[in-house]
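Across the two complexes that follow, chain A remains constant while its partner is chain B and subsequently chain C.
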Partner chain A sequence: MLRRYGSGLTLLICLLVAFWLLMLVIVPNITLFEQSFRPYLPVTEIGGPRDVYSLDNFLKVFNGDTQITLFGRSFAIPVHVLTFALTILYSILVTLICFALAYPLAYYMAKIVNPKTLPTLLLLLFIPLWVSEVLRAFAWWIILALKGPLNSLLLFTGVIDKPVRWIVDYNGVVIGLVYTYVLFMLFPIYNAVQSLDTNQIEAAEDLGAPWWKIHLKIVMPHAKPGIASGAVMVFMLSAGSLLVPSILGSTTSQWFTQTIDQWFKDALDWNTASAYALLLLILCTVFVSLAMWLFKVKLSDIAK
Partner chain B sequence: MSAGIQLDDVCCDFGSFRAVDHATVDIKPGEFFSFLGPSGCGKTTILRMISGFIEPTSGVIRIGGQDVKGKRPNQRPTALIFQNLALFPLMPIWENIAFGLEMRGVDKAARRAKAEELLRLVDLPGAADKMVSQLSGGQKQRVAIARALAVEPSVMLLDEPLSALDLKLRQHMRAELRAIQKRTGVTFIYITHDQGEALAMSDRVGVMSQGRIQQIADPREIYNNPVNGFVASFVGENNIIDGTAGPAAGGLAGFDTALGGLRARISPEALGRPVKLYVRPEHTILTEAPGPENAVPVTVTEVSFEGAFISVLTQTETGKVLAAEIRNDGSATVPAIGAKLYASFSAERAALLPDATVRG
Partner chain C sequence: MHKFRLGLAHLYTFLFLIYLLAPLAVMSGAAFNDSKLPSIVPWKGFTWHWFQALWADDRMLVAFGNTLVVAAAVAALAVIVGTAAAILINSISGRLRTVLYGMMISTILIPGVVIGISTLLMWTKLGGLIFGSGEKMFPFIPGLHLSVLGQVSYIAAMVMLLVLARLQSFDAGLEEAALDLGASHAQVMRRILLPHLYPAIGAGAAVAFFQSIENFNVTQFTRGGKDTLTVYVFSKVRSGITPTINALAFLLICITLVLAVWYEIARRRRARIEAAREAEAREAEARETEAMAEITGAA
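Showing the complex of A and B:
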C-alpha cells in the first residue's frame, strides 16, 4: 500500500481507519459498557456518592412477574425474561424457516439451474433490496392487513370464506424477519454448495443413495460452514432487529429490542438500556457459541 | 456376478451436436473392454449413458440382457469410477468404501468388515481410519476402486482412472487393475486416451473418433490390422504415403506415389475409396542395396538410440520423411547421418487404408 499510494495518502487512510474504529466503534461501545454498570441518576448526582458501579441495571430483568401457561401448568416469570426468551425462540423459528426456504433455492441455483439464467435469477433476488427496509416492512403490513390484497386474493379464489387476521401474536414479525433476512441465509449456502464437486453428488447416486440421503450425507455436510454462517447471521440480525418488530408487531408481541428501546426513549434511562443491550449481545453470543459447539462448527469454518 | 452390456445403435445429442453417433457394441460378461480415443470423442458420454446419468437420444442399452431405459444410476448394477475419483473428503476411508453398503441398509459392523476386506483386496490394509486427504494419488485410486467394488456391481465403469498418476505408478496400476478384474470377474469398461494402456490391459478395444466407433477388436488386431487411417495412426506410429491405388489382386494392390510405384495390402471395404499407404516404422527396413519390393532411396537425417531399438529418420528425394526402427539385437549397426540407403517394406506389412468413417 505504501508503494502504491505514497506515504501521505497511506497515512491519511490509516488515520481514517483508526478514527473510524476508535471514535465510531470502540468509544461508543465502551461508553455504553461503562454506563450500564452505573445507576440512572439526576444530573446533579452524577459523580456523587450514589454513582457507584453495580449489577443493579442487569438484575432489573428479574423485576415484575407475569403468568404464563406451559404444558397446562401455570408459571410466574419476570416479564423481561419472558420477552427475551420469546425473542430467542422466534429468532430460532425465523432462522429455521429461512433455512427451509434458502437451502432448496441455493441448491437449485448452484447445481441445477442453467448457468446462463443465473444472473437473471440473482437480479430478481436483489431487486427487493433496492427498496428500503422500512418500505418493505410496511409493504408486508399492507399485504397482511385484514382488508389487504392477501385476504382479497384468498377470498376471491375461495381458499378462505372470511378474512383472516394475519398479524396476530408474532406472525407478522416472523414473516417480516424471514423476508428481510432470508438472503443472508441464501448466499452463504449458495457459495458453499457451489464449491461442491458435482461428481460427488453423482458418485453418491451411483452408489445407490436416494436423493434425500445425498443431501443429508453429502451436500449438507459440505455446506455446513455456509449453513452455519447463514444461520448465525439470520439469528443475530433477527434477535437484534427493531424495525420489523415495531412495524409488523401485534398488540401481543414484544421483541427484546423494543424493551431496550423503551428504556432509552420512554424511560430515558440510558444506563438500564445499555445494560439490556449488553445482555442481549452477551446472551446471543453465548447461545450461538453453544449451538456451534453442538453442531461441531468451528469459528474458522464460518469466517471462510 | 458379472453382466454383459449391449449398445444397440445408440446416439446421444447435446442440442444439435451429436456426441455419440450410432454406437453398437456387444460387451461380454467378465470382459475387460476399453474405449480408446482422443479427448472429446464421446467416451465419457458413452460411460455416462451406461451408468444412467444421461439417457441416449436414440437406441437401446441393455445390461445383463435387460433394457435399462429410464432407470436411474442408483437402480443400475453398475459402478462408475470418476475421472477425478470423487471420493468423499469428509468421511474416513472406510466410510467412503462402505457408503454404498450404508445406502443399502447394511449394519455398521458388517460395513466395517467389508471395508477392511476390500482394503486388503486393493492392497491398502490399515488405511481404514485415515482421511482422503492423507492418501497419495495411487492410494486414492485404490480407495475409489474399493468403493465401487463394495456394492458388488456387475459392471465397473472406469473413466480414465489413471490419467492423474505419474508414469511409473500408472504402469503399476495397470497390472493391478487387470489383476483385480481377473480376481473379481466383474465386467470392466475402461476409458482411456492412452493407446498403450488400452492395448496392454484389454480383452477388446473399441477405437472411437468424433462420436463414432471406428473398430472393435482385440489389441493385436487393432494394432496389426487397423481398418482405417484414423485407427492406424491413433494406435502406434506410421509412415503415411499419399497416392492412388491401382486394381487389386489377391488382397494386394499397386499404389502410384511420388516415390514411385509401391504395393500394399488392401481390404475389400477400401476398394474404390481414396486411400493412403500406412506402414509402421518397425516394419520399415534400411538397407544399402535396394530391397526386393517397395524400395525407396533415402538419406538418413536423424538417429536416436533408444536402447531396445534405434529410431532413424530419413528423407526421400522428394523431401518426404520416413521413419524406421531397427531392433537392437546387440549387433545392430547404427546408420551414420547423411548415409544414402534404401528404405523398404514388405507389401504384406503395409496397408492401403481409407480415412476414418466420420459423421455424415
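Showing the complex of A and C:
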C-alpha cells in the first residue's frame, strides 16, 4: 500500500477511513453505550453523587404490565416487552410477505422475461424507490382511509357491502412496510437467481421434475445468499422504521422505535432512549445472527 | 415452460407493477381534487389551488432548500470517505481486511434511530467536555450538520461498495508503469486511478444524494428544530393534512419520471448505436472475407 500510493496519500486515506469508522461509527456507539447506564438527571446534578452507573434504564422495559390473551389464557406482560415482541413478530411477517411477493417476480426477471424489455421493467420498478418513503406511506394512508379509494372500489364492484376499516391494529403498518421494502427483497434475489445456469433448470425439466420441486431443490438453494441478504435488509429496515408505523399506525399499534422516540422527544430522557436504542440494536443483531446460523448463511455471503 | 404458467407469470408481473405504481397515481390524482382532505373520492372538481398553496408555503421552501444542502454535503463527504475506504480495502488483505470490511458493511444495517441518537449524544457530550456545562457552540449543538455526519456514517458504505466493484477491473500494472516512468504518487492517483473510478464515483454520488433526501430516522433525532423536506412532510402528515402535500408529491414524481424517461431514451439510443456498430463490423468482416476469397481465387 505504501509503495503503491506513497506515504502522503496512504496517510490521507487512512485518516479518512479512521474519521469514518471512529468518529462516525465507533465512538458514537460507545457514547450511546456509556450514556445508557447513566440516570436522567437535571443539568446541575450531572457528575454529582447521584450520577452513577446502573441498569435502571434497561430495567424500565419491565415497568407497567398489560394483559394479553394468548391461546385462551391471560398473561400479564410488561408493555414495552410486548411492544418489542410485536415489533419483531410483525417484522418477520413483513419479511415473509415480501419474500412471497418478490420471489416469483425475481425469477421472472432473471429467467423468463425477454432480455430486451428487462431494462424498461427495471426502470419502472425503480420509480417508487426514488419517491421518498414518507410519501409512499402517505399514499397508503390515502388509499386505506375509511372513505378512501380502496373502499370505494370494493363497494362499487360489490366485493364488500359496507366500508372496511383497514387501519386497525398492525394492518396498516404491515401493508405500508411491505410496500416500502419489497424492492429491497426483489433485487438481491434477482441477482442471485440470475447467476444460476439455465441449463440446470432445463435438465431438471427434461428429467421430469415438477415445477415446484425445481424451485425448492434447485433455484432456492442457489439463491439462498440473495434471499438471506434480502431478508436481513427487509427485517432490519422494518424493525428500525419509524416513519411507516407513525403514519399508518392505529391507536392500538405501537412500534419499538416509537417508544424510543417518545423517551427521546416527549420525556426528553435521552439516557433511557439510549438504553432502548441499544436494546433494539443488540436484540435485532442477535436475532439476525440466529436466523443466519439456522439457515447456515455467512455474513460474507450477504455482502456479495 | 408451460404456456399457462408463462401467461400467469406475465400477469403477475403486470399486477405487481400496478401494485407499485397505483399508490403513486392515487397520490398524484389527489393533488388536483378540490377537496379539503387529500383523496380522489369523492371527486369534487379539478383545481390548481393546492399548487398555489404549496408555492406560498415558505416553511416548505426553506425545508426544500435545507434538503438540497444536506444532500449535497452528504454526497460530497460520502464520496470522499467511501472512495478512500474502497482503495484501502482493495490494497490490504487477510484478517484486517475482513474486520474492516465487516465493520463498514455493518453500518448499513444499524437502525437509523441508533445512528441518530448516538451521533447526537457523542457531539453534544464532546461539546460538554470542551466547554464544560456552559454555552455550547457549533458544531456541538444539534443541527443539520449532525444530520449530515450521521447520514454519511452509513451512506459512505454504499459508495464504498460501488467504488470497490469498479476497482476490481482496474489494472494495477498501469500504476506501476506510470511510477516507473517517473510520475509522482499524486499524479498517478489523479491521472490514472481516479479517472478509472469516475463512473463509480458518479453513481455513488447520485445514490448518496437520493439516500440523503430519503433519510428520516437520522435527521429526526439530530436536526435540532431545523426542517428537511422529509421531516416537514412527516410533520404535515401527522398534524394538519391538506392536499398541498399531494401537490408536492406530484411535482417530485414528475421530476422522477422525467429523469427516468430521459435515462431510458439515452439507454435506447446507446443500444441502437451499439447495434449499428456491430452490424457494421459484421458487414466489414463479410466484405473482408469476400475480398480475401477474391484474392485467393485470383491467385
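Here is the rule we use: the second predicted complex is superposed on the first by the 278 of 304 C-alpha atoms of A that agree within 3 Å, B and C clash if a C-alpha of one lies under 4 Å from a C-alpha of the other, contacts with A are read in each partner's own complex, and residues count from 1 in each chain.
Just so it is clear, a residue touches a chain if its C-beta (ideal position, glycine included) is under 8 Å from a C-beta of that chain, and two chains touch if they have at least 3 such contacts.
Everything quoted here is computed from the prediction, not taken from an experiment.
Placing chain B and chain C on a common chain A by superposition gives a fit, with no clash between them.
Using the contact criterion defined above for the overlaid structures, shared-chain residue A:Leu32 touches chain C, although it does not reach chain B. By the touch criterion defined above, A:Thr66 reaches neither chain B nor chain C. The partner of chain A that touches more of its residues, comparing chain B with chain C, is C.
Residue contacts after overlaying the shared chain place A:Leu105 against chain C, while chain B stays out of touching range.
Using the contact criterion defined above for the overlaid structures, shared-chain residue A:Ser195 touches neither chain B nor chain C, since it reaches no partner. Using the contact criterion defined above for the overlaid structures, shared-chain residue A:Pro221 touches chain B, although it does not reach chain C.
By the touch criterion defined above, A:Leu9 lies against chain C but remains apart from chain B after alignment on the C-alpha atoms of chain A. Between the C-alpha centres of chain B and chain C, as seen from that of chain A in the superposed arrangement, lies an angle of 70 degrees, given as a multiple of 10. The minimum CA-CA separation between chain B and chain C in the overlaid arrangement is 7 Å, rounded to the whole angstrom.
Note: no residue of chain A belongs to the chain B contact set and to the chain C contact set alike, using the contact criterion stated above.
Across the complex, chain C is touched by residues 1, 4-6, 8-9, 12-14, 16-17, 19-21, 23-25, 27-29, 31-32, 35, 43, 46, 101, 104-105, 108, 112-113, 119-121, 123-128, 130-143, 145, 147-149, 152, 179, 211, 232-233, 236, 239-243, 246-247, 257, 260-261, 264, 270, 273-274, 277-278, 280-281, 284, 288, 299, 303 of chain A.
Contacts from chain C toward chain A in the complex involve residues 1-2, 5-6, 9, 12-13, 16-17, 19-21, 23-24, 26-27, 30, 38-41, 80-81, 84-85, 87-88, 91-92, 100-105, 107, 109-115, 117-122, 125, 133, 149-150, 152-153, 156, 172, 175, 184-186, 188-189, 210, 213-214, 216-217, 220-221, 229-230, 233-234, 237-238, 245, 249, 252-253, 256-257, 259-260, 263-264, 267. On chain A, the positions that touch chain B within their shared complex are 197, 199-200, 202-210, 213, 217-218, 221-222.
Residues 51-53, 72-74, 78-80, 82-84, 86-88, 90, 99-100, 103-104, 147-148, 151 of chain B touch chain A in their complex.
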